[in-house]
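Below is the structure I would like to discuss, written out as structure tokens.
Just so it is clear, A, B and C label the chains in written order, and each chain counts residues from 1 on its own.
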């Protein structure tokens, strides 16, 4: 089943064409690694697939929903972990996870499990996010993403800031999600680690994509 | 109302607002005719307003200012309505054509102009007739609010982003203004009615307009309406040209970006 | 529908929790409002506390204009509160994340509006108390119903409008300064109506209580209009 289908997609930030004509097809169950230099358009590509970034030219569907007209539905089905974590810095870890989990309808047990998974249970849970390290904040955001159980996961540099244990944990989560039927797209500079995880690698350069040869 | 360098319309971004292909300006035969009619109308207005119509019994010669004040007030409200309708058309039509948004923007700019004229001329008239520049009556106060609201609207139009982002944001704002302005007017009217002040202090309240004066007013309204239409058409065309320029710029930028990759990949 | 209410409630709780933790409204906006009330006296009244015979009332000038000043201070505080609530969302991209999660924008709108309304309501009560102290305002029981009704409808209207325009102005840099320009003209009907209604409730300048109810009507229509408008427009406005 095709999860993502983009044809000639141009996405514009202000007047700059971050994506200059992208053709991409992703099938269910794939773990796609997006690699490319800074400024290539990886983040914008993920945001387009998440239904956040409107398309200026071209067309696309994600999970069967048209990106021109049904972005709202796309967003509901997709889980995005962007550059920033989207947390409320004055609230505790537990309060953040509870809020985000509740807005997407996760049960308290699922949330608890997600927090344990990310090593956030215990003393850490009641600290305000502001006082956490960058890596711990990332884990909190990941816990929220895990609780979402979306069918398409979009991760923008998820490994950044995580320590070795965190990265292993993340890889485990991603493998598990893929095994459960989710499709995953990861933009990362961690080429070795993400490369071993991914079923497929796509090069993003200057707003266009191409399949990686090696 | 500057003219833009020659452009050829290749992309379908403009409907009903595109500048004529390969012209050095935004004028067409139609607008030249319109412009000529406007000048004729203004000339008529000057003739009737300054010479032929009588001075008022109470206010003397200063009543002639009304022939500018009332028409510009009428145009200010017309412009506001046009902006609102065009914004609604953009939002609720299937095609979301940017031409509607450009019409809304052009009308808003013309509207701000006429609102400023209304208030300025009204102040002058008030000063001449009763010695006060400003009068807190419902219509004048509402016009002032309309002015500020549309200055805000124009500021929001300049916030940047893609043309559709601009259009969506501005259209919503314009429709909210439709919600807001009647409320402002209603509350100000109620507020003013608290004071049983002398009915003397009401613009054109006690001016008994006889036949010729009414006719002059009518001429004024027609002349100003023609002026408004002429201004809006030209402004909309300049906006269309600007948007087209942006689109062409985007095409160039896309090509440049694609070229980057060729250079990098080798 | 029920999930929308639930989501809105979650957002309200979250906003109030953030305020409770950071205490910005309490520690910054409230003192600001109080200071504004004080400097109004500096600017406006030549002889504070002295009856003003020209006004024809037994109270001082400040007492006469107190209702207006309370609402003015409220409006200025509204600007700060709106800026604050959206700054919180912007800090770590939370509003973006809310959009990305496909959370119903109308629910977010109502959640933030209610949270804002609650904070505003508390602020207004305290401002009225400040007016009683600083401007020698006298409250009367007969006007209580009118006063409370005005308080509720005006607060809701202001919160709805503030959240809506705050969403518009919340985006990129250089937009925050737009908020006062956009918001103050829009809230004029509330300023006029709520002030007149409170004047009637307090009996300022001999106004009868019955005169206040039409004004409450104006404010109520405003609240309904912008409640509905915000429900529809908030989503598209914060969207890209």
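As a convention for this text, a contact is a pair of C-beta atoms (placed from the backbone, for glycine too) under 8 Å apart; a residue touches a chain by one contact, two chains touch by 3 or more.
These numbers come from a predicted model, not from an experiment.
Among the remaining chains, B is positioned farthest from chain A, on the basis of C-alpha centroids. Centrality annotation: C (chain centre taken as mean Cα position, compared with the mean over all protein Cα atoms). Distance between chain centres (mean CA atoms), chain A to chain B: 47 Å. Taking the mean of the C-alpha atoms as each chain's centre, chain A and chain C sit 39 Å apart. Look at where the CA atoms of chain B average out and do the same for chain C: the two points lie 32 Å apart. In chain B, the residues that touch at least two other chains are 160-161, 165. Contacts with at least two other chains are made by residues 240 of chain C. Shared interface positions of chain A, defined as residues touching 2 or more other chains, are 54. Interface residues of chain A, counted against chain B in their complex, comprise 10, 12, 14-17, 20-21, 37, 54, 56, 205-208. Residue ranges of chain C in contact with chain A, taken from their complex: 3, 6-7, 10-11, 13-14, 17-18, 21-22, 88, 91-94, 96-103, 240.
Interface of chain A with chain C (complex): residues 50-54, 72-80, 82-91, 95, 99-100, 102-105, 128, 148.
By the touch rule above, chain C contacts chain B in their complex via residues 164, 168, 171-172, 175, 178, 181-182, 185-186, 188-189, 192-193, 196, 214-215, 218, 221-222, 225-226, 229, 233, 236-237, 239-240. On the side of chain B, the complex with chain A involves touching residues 160-162, 164-165, 246, 249-250, 253-254, 257-258, 260-261, 264-265.
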